[in-house]
Structure formats: structure tokens, C-alpha cells
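In what follows, chain A forms one complex with chain B and a second complex with chain C.
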Partner chain A sequence: MDTPLFWPAHIKGRVLYVLDETLIPQKVVYIKIRTSAQAVRVIKTMKTRAFGQFLVVLNTFLLEIQFATKVTDTQLLRRLQAAAKALNASRPTFPFSEVTGIVIRWAEEAHCSGGDLRSTVQRNILGYMEGIRRQRLDRVARLAGLMRDGDSILTHCNLSGELAMAAALCRREKRKVQFFVTETRPYFQGAKLTCWELKRVGADVTLIADNAVASVMSDALVNKVIVGSDRNCANGDFANKIGTYQMAVCAQEFHIPFYVLTQPSQKVKTGNDIPIEIRDDKELLVFAGKRIVPRAVKGFYPGFDVVPHQYITKAVPIHVK
Partner chain B sequence: MLSKDQRSYILLHGVPEPALFDKFKACKVKACVIPEGRPDLKAAQVNSRAMLKRGMAPVLIADNMAGFMLYRSMIKEIWLAYQVGDDHGALCDIGALIYAILGKKHGVPVYGYPAAEKRRFIGKPQEIFCFCQKRIAPRDIHGYVPLLEWVPGTYIKRMYE
Partner chain C sequence: MDTPLFWPAHIKGRVLYVLDETLIPQKVVYIKIRTSAQAVRVIKTMKTRAFGQFLVVLNTFLLEIQFATKVTDTQLLRRLQAAAKALNASRPTFPFSEVTGIVIRWAEEAHCSGGDLRSTVQRNILGYMEGIRRQRLDRVARLAGLMRDGDSILTHCNLSGELAMAAALCRREKRKVQFFVTETRPYFQGAKLTCWELKRVGADVTLIADNAVASVMSDALVNKVIVGSDRNCANGDFANKIGTYQMAVCAQEFHIPFYVLTQPSQKVKTGNDIPIEIRDDKELLVFAGKRIVPRAVKGFYPGFDVVPHQYITKAVPIHVK
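Moving on to the complex of A and B:
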């Protein structure tokens, strides 16, 4: 069973439709994107995140090509390079430059060889996305294979549809798997997205606060932890949504296996080399337009943390080439 | 905003008796990191007011952010408010066990201090489905809301009474 979060952005005509993840579970709404600037904005404002960002990046190049009907190949290459630069600067932790770099390389090679830049880049992007889709579907099956009848799985933030689809596979095979989901402050991706999509596939879902992680582990209410990753390092370290590190430390303390979905990369050597985004503390201190603490209180909001590879029981990778 | 080289923060969890804030002030503590304390955010609200009243700067984090700060060596002490405690351990607000484990892992001392008031052991699911009275979670899911947890004495360096 598919979930909108598995493939949260697609092009139709000359419009890129991006699932507004901040409105789930109240509404399923797609934001219409027509320019690179709009694409950068949906990423910066976290209307989309994780795998959604990846799709927005690739589709933004398709948009640029579609709108560039009356420009030369040289001008188009410059436009693509400008779009790449803007996307790379949108958020620091996700490896935007690794994705945009691939597309720019295709464009530059086509331009240098005198080939058809437009059709080459379009064809390559579409083929690349299709390859990623197949690999993620394959990973869903491998993830479901990790889930045994009677398992109780703790997860954090949102795995862009893959956990829900794996849960659906388990249900189809009559395996009973229970899920504990952290709410994932301050954006509540766990409460809003993961609970919603797990419920949609008929899974047994229990929401907990972020501070209840050690409690459910010490009381043996969970026997596995499964999380995603936003950036991976050559040595196996990874960065993921803030809160993942303390979850990993607690899992090790209670001897609970810790699994992570990865996109292996050799570009960054270790977790210490990953730039961690520090977001505006207003996102933490203000909720629905109201401050949750007195005005004089400051906040600190790191968006991600790094988990050293020693905490990982098993990585479940896809291989992006 | 905090910077990486600010390595002198105390992390204060739960709502301690007011005397702890006086003690901090006497020790010239300038700022404390306060996890917000879901589900009711009482720790965020009560502790920040108590600190501001004494001229100290509270720095709020979400309950999932302490690990980042310990990993970056930004925390030098952890204080847990407890309801009941002895040499064997302490009954503290939910989240205390995470901070105790992180303290052990990073070699940061963990202290216990009496809590200002008693809390229930467990909350209602509705408490976790909402944030500041606004619904955040979808319907028809379960909610589990432990409000207290036991922190074994092996994690705690000293209990104050």
C-alpha cells in the first residue's frame, strides 16, 4: 500500500506539486511550485523534508528545463547552475550539493559534447528517480523482513512512507507488529506524519512524548528501534532529526537493537564533518502564534544530531549512484 | 542562541523546590538549560519564571535536544527534581532516565534535588494528543503518557534533601 509521504512531490504539466507535510493530519494539500525560488522556500520552511527535499531538488531542474524554451544551451546551463546554487544554500545538513552536483555534471557533459542538453538531463533525472523509487521499494521489503511477529518498534520523526509500507506488508502477512512513535518536537513529525500514515495502513500505533523513550525501553515495551537518516558518512556515522542520538544511547544502554535506513555516501568522512543546522528558536518558543514561555526566555534549536556508527546494530541502505 | 564553546551549562529537569534556584544564584549560575517537559510544559514555565525572578537566564530546549548538547560538551551538570529518593535511586519526572543515561555516557555528574510537588504516575492519552490545547495527533491512535520514572542510584552522583 502506498502512502503520499513515500513520493511527496511530482510534476504535472508545468507545475511541481509538493505535499505540504505541515498540514497533515488535518489536510492533504499540495503546494504548487513554478520557480526555483518557490522550491527553495518550501524546503526552508520545512513544508517538505527528508525524501521530499530530494524530490523537490530533482523536479526543480525539470521545471527549469520546461520553462527554458527560448534560451540557448549555454543559458540553460547557467540557469541550472543558479538553481543548484540556491538549492544548495537552502538548508545546511541535508546533502543538497551531492544531488545537484549529479545533475549539473550531466548538464555540463551534454553541453561539452554538443549533445541535446534538455533531453539528456530530463531523461537522466527521470531515470534516476525511477531507480530511486525501485530501490526504496526494495528497502521497504527488507525493512518488513526485519519485523517479526510480536515485535514492538520504537521510531522517531518520519521515514518518508517506508515504515508505513513495511507495516502494511507485515499486516498482509498476518504478522502483528506494534509501533511506538515519539511526537518529535518541535514540528511533531512523529505525531502528525508517522502516526497518521501508520494508522492509514491499519497498524497499531501508540504516541509517546520524546521524553518517554528511556521509560518504554526500561519497561521492555519496545524491542527494536528503527529510524531514518538525513545524511550519511563514509565511516557509518549519520545525522538525523534531533533526538535520534539520545534514543541511540538509551537503546545501547538497554541492549535494544537499533536500525537505521541509510543512503551511503563517501563525501563526508565522519559525523563531526556534518554541518548541523541551528534553526530559529521561535520555532520552539512559539506555537500557533503564542509563546509557550515568558518573553525573556531564549531557546536553542539544533535541527539534527549526529549518531556515531558504534550505536548502529544494522544499517538498511539504498545505493544512490 | 548558544554557541559550541559555551561549555558551562547546567541542565535542570523537572520542577525542583525553589531553594535550588537560590542555591544556583548563590553559586553565581548565569544560565540554565531547561527541557520543556511534555506533556504539560510545567517545567518550562515554572523553572523559567523562577530563574528570571532571580536574574538568571533560562534557555529552553525540547525534550529531545539534551543529547545534542551533551554530545557537544555543552553541559557540565545535570540536576533532576525527584519526588522520592534514597541510595537505590530516585522517582523523577519522565525524561530523567534519558538525562541520567546521557550523564553517565558523557561523564557529566547527575544530582538529585527534591521536587516542588507530587505528580501522578501516568497521564491521560489526550494529554499527548494535544500541545497547548491544540490537537496535533490524528484520531484513533493510542497514547501512552508516563509522567514519572525510576532512575537507579548508580546514575546519580549525589542526592540532596
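Moving on to the complex of A and C:
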């Protein structure tokens, strides 16, 4: 029941393999990463996204440690700090600095206490990732528990494998659940990633345009909404792929429960404090290499929107509460 | 200040020229129509849409009359009735039968009263179209009157020239108005048609994904919404391009005035009585000749949604009230 999107990056030998999510569903290809500069590039160009970014960040530190065989601990610490800085600057909305901050603290503490910086940081990162894997598997089970026989679930963008794995669990337990998936313009993550991975586990999937959200809700074709989150605030507000906000507003209007997978964090107080990435408008204006609008027209492409907590029916956190 | 989309079909000689809206903004090309079967085809394939359909319907009767030089009035009436039937069956949501019904009644009355069927119907159609043209020009002026200096207007799909002409009027009167236009998936009428015609009249235009509606509203980047309608009900409900409903729900949520251009009709009582066209899901699954989702995934593509009248701040009808 595993899906490549659940764990889209892994180290083998001295190479970090990162699933190129932009090529799915046509091909399942892994990009080879050997430097932190390359890691930053796959993040910036959105070859990987969401949970994939988290894995790339952690694995990039492992790469740095592997390659730094002939340097002192002080030099290694500097390299890790430089890598952290580059990763933090890659994209603004996902909380890169929260993840890199953890690793840098481990490294600094090991360095200060005179411990083995390399093995400490390596062991901690591997253990941290394993903990996250277990927590996500646990959340998959809880997510499946939310799905009742006969449910029709609307989702947006891509939940990095968790929704597909929960769908697989439902199938195993003989609960009939169907899915409506929005295209998720302009990157089409819903059409390309979510439809693909739900279909792989044998789920009943229907693609709709992002425009059809109110329509399927008012026609009672869906009875639950499940979305992910890219950044969470202390007050419950969250940022997610652009389009999540209007889905939340419509869910409220049509009295449809709205569930969100979260990574609770106290670092940011409210949604007003989340920096929203404005991406290059070419990603909106050009499709399949062809410009679809007249030259002089500009585009505005915020990558995310912030949903105030009052729209959430239930948050499904990565940590069991 | 005229735009091809304001009057996208006209007869010249014995040929009906219909603007191919699917080729804009790359090319401004007119399709030559000589038969009612060809007319039905340009409607079904959405080469023309919205107001263009209305013009194609009326002009198709003029074509039929032109070609029927050696037939009796009874035979001509049958031909007009057959054309009406074919046009009525072309697409379900736009009220084709309301338009064809008017023409058929003229023909039947002329035939019963022993008048000149040909010249009566021709004259009436030409006069009817001219009346509509004047009423639409009048609405353009009223629409411009709704636009204040500093306004930022969100629109969806395409208003067949009226919005662009109102924008041109504002420019002439030195009122600064800017526009945010949704792509309008899956046909991209916003990206292709509306951006193009607004840019032609020198307006400030920004394209956004259909997903960014709540985002631009919550960030106060827009202060008015103006949309068109494809079908209107006695109670004020209206059908328009899919995505209009969620825009209306969001406008209500963010307290943004929501204006709709209407063609008031008493034929259909409420929105529940409007048949919604479900278009071929290929139009959603395939883009630029390439399938963007895995084979087994199905799509659901309602072409329109129905907005209940309570979401409307103000209807701007074609007839002055």
C-alpha cells in the first residue's frame, strides 16, 4: 500500500535520490542530488514539494556530513550552517528554518560538548526521520478512521501519500470511499499526483476543475473535505496550496466538514505572520511551453493561501493529541 | 472601443462569419457557416459561446431564408422549424428555445396571416438584433457607471465584450480601474478572451488562477466582482460558467459586492429547473493534446453552475428597469 509520494527522497550510497514530482504520472524518475546547491534547486523548481522538501532538507545534512571526510568539526559545523542558510532561503512559506534549526542545534551542542559531531548528527537525523515516518503512518490510520463507508471526499493538491494510503486501508477494510480531486492549477498537483496515487491503490477517483468546488458541494456529491497544510500557526491558522481557502469558505457555506492534516507549531502566532510565496507568473502564463495569454498581460501567482482556524472542523495532527 | 467579442458573428453575402473564440489570443479567425448543421457544430464545439451563440442562432435563420429561394412558404416554415429543433438540441444550459421560439412564432404568424414570410422574418430578426445591440451598448454605459476611480474588479470567464468596452469608457473618462481575471479552467476563457480584450483597450489586467479567488479577496486586492450569466430565472437565480458559484460564496464571505449581467426571463422559475450541461471529460483530462492524468481516472466537468439569487448584490439587466 506504499506510494512513492509517501517517502519521496532517500540516500543510497553517496547520492540523494529525489522523486521528480513534475514528471508524474508520465514517469517515476528520481533526481540525483550530491550537493546542497542541487538540493536547493529541486526545492525552488518544485521538483519536490510539501513533505518531500522536509526529507530533502534532512538528507542534505547527511550528504554534507558524508562528503566532509577531511574537515574539522568546526569546518563541518560551518558547512552545515551554510547549507541551512541556503535551504532556509529556498522558498518562503514552508518552515525550512524550523527543520534546519533542529539539526544545527544538534550540531552545535555536539560541538560544544566535544562529542562526535558527525555520528551524533547522523544518528539524530536518521532517528528523527524514522520517528516522523511512524507518526505519519499512525496518522494514515487515523485518517482512514475518519472515512466512513459511502463517503465521498473532496481533496486539493496532494497529501504526500497519506490520503492514498488511508484509501488503501479503507479498501482493505471493505469501506467504499470515493474521491473528488481538484486539478490544482497552475501546477496540477491534484490532477497529476493525487489522481495517480489514489488510482494506484484502486480508489474511485474523479477529477474536477478547481472551479467546480461549490458545484459538487451544492449538488451533495461530496460530504467531507480533507486537505494538507504547509505551515501551521499557534492559533490553528494554516497555510496550504492556493485554493484551499476558497474550499474552506465553500465547505462552511455548505456545512461540509473540513479536515486538515497539520504539523502543529508554536513558532508563528497567527496566519498574518506567514510569509506567502509569490511565484514567477510565467508558471501561470505559460502552459506546456506555450504562452496562453497575450504578451502584455501580467499574472499574479501566490503559491499558498492562509486559512483562518475557524474554518477547520478538525485538525489531524502528526502528533497524537 | 469596439471589440470582436461584442459582436462575434455577422452575415456577409451568403455566408455567416463566426469568430473562432478558441483561437484567441493567437489569431482572430472567422469560421464560415453556410448550413444550420455547421451552425450547430460551432456551438457544440464551443468555437462560439455566450452571446455569440445568440447571434449564431438568429443568423442561422437568415441563412436558411437566403438559401430557400425555390421553396413554398410551408416548406420554408418546416425548414425553419427543423433548424430551431437542431439548434435547441445543441447545448442544454443556454436558453436556445427561448430565442428560436421567438423566430418560429414570427414565421408561423406570417404564414397564418398570409403575409410575406421571408421578408417579415428577415426584417424582424434584423430589427431584433439591432435592438439587442442598442440594449447592450446601453448596458456597457451602465456597467461603466458602476466602476469608480480606484476600483479593482474581479471577473470570471468572459462577458462578450461588455466589460472591455466599459473599461474603455472608464479610461476615456479618466477613471483608473484595474482588473483581476480568473483563468477559467478548463477552457481558459478568462486567460484567453478576457485578458486579451481588456488589454486591447489599454486596461490594467492581472491574470490569476481560479484557485486565487479567496486569496485576492481576503488580501483586499479586489473590491468588486462582475460576472455574466448564461441563463436567468424568474426568481433571480442564474447559471453561468462553472466557478461563478464559488466566487459568489467568497464575495459574500468577504463582503465584496457581486454584480451580474442578466437577460431577465420568466421562463424558468428557479435555478433548480436549469439543466446543467455535463461536457465531455476529455476537455478536462487532456490539455494541448496531451493527457495530464492517468488513463483510468475519470473527470467530471459540469460546464456551468447555478448561483442562487441571494448572493447577488445587484443584477445589471439588458433591459433598463
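The rule is simple: the second predicted complex is superposed on the first by the 318 of 321 C-alpha atoms of A that agree within 3 Å, B and C clash if a C-alpha of one lies under 4 Å from a C-alpha of the other, contacts with A are read in each partner's own complex, and residues count from 1 in each chain.
We adopt the following convention: a contact is a pair of C-beta atoms (placed from the backbone, for glycine too) under 8 Å apart; a residue touches a chain by one contact, two chains touch by 3 or more.
What you are looking at is a predicted structure, and each value in this text was computed from that prediction instead of being measured.
Participant: Looking at the overlay on chain A, is there a clash between chain B and chain C, or do the two fit?
Facilitator: clash
Participant: Give one of first, second, both or neither to describe whether A:K298 is in contact with chain B, with chain C, with both, or with none.
Facilitator: After superposition on chain A, A:K298 lies in contact with both partners, chain B and chain C.
Participant: For A:I278 in the superposed arrangement: first (chain B), second (chain C), both or neither?
Facilitator: A:I278 contacts chain B only, not chain C.
Participant: Per the contact definition in the header, classify A:F180: touching chain B only (first), chain C only (second), both, or neither.
Facilitator: After superposing on A, A:F180 lies in contact with both chain B and chain C.
Participant: Kindly classify A:D230 by the partners it touches after superposition: chain B alone (first), chain C alone (second), both, or neither?
Facilitator: neither
Participant: In the superposed arrangement, which partner chain does A:D20 touch: chain B (first), chain C (second), both, or neither?
Facilitator: neither
Participant: Overlap of the chain B and chain C footprints on chain A, residue-wise?
Facilitator: Common interface on chain A, chain B vs chain C: 25, 180, 182-186, 188, 191-192, 195-196, 199, 205-216, 218, 221, 242-243, 245-246, 249-250, 253, 281, 284-285, 287-288, 290, 292-294, 296-302, 305-306.
Participant: Mind pulling up the chain C residues that touch chain A in the complex?
Facilitator: Per the stated touch rule, the residues are 25, 180, 182-186, 188, 191-192, 195-196, 199, 205-216, 218, 221, 241-243, 245-246, 248-250, 252-253, 281, 284-285, 287-288, 290, 292-294, 296-302, 305-306.
Participant: Considering only the defined contacts, which chain A positions touch chain B in the complex?
Facilitator: Residue positions touching the partner: 25, 156, 180, 182-186, 188, 191-192, 195-196, 199, 204-216, 218, 221, 242-243, 245-247, 249-250, 253, 276, 278, 281, 284-285, 287-288, 290, 292-294, 296-302, 305-306.
Participant: Under the touch definition given earlier, write down the residues of chain B that touch chain A in their complex.
Facilitator: 1-2, 33, 35-39, 41, 44-45, 48-49, 52, 57-69, 71, 94-95, 97-98, 101-102, 105, 125, 128-129, 131-132, 134, 136-138, 140-146, 149-150
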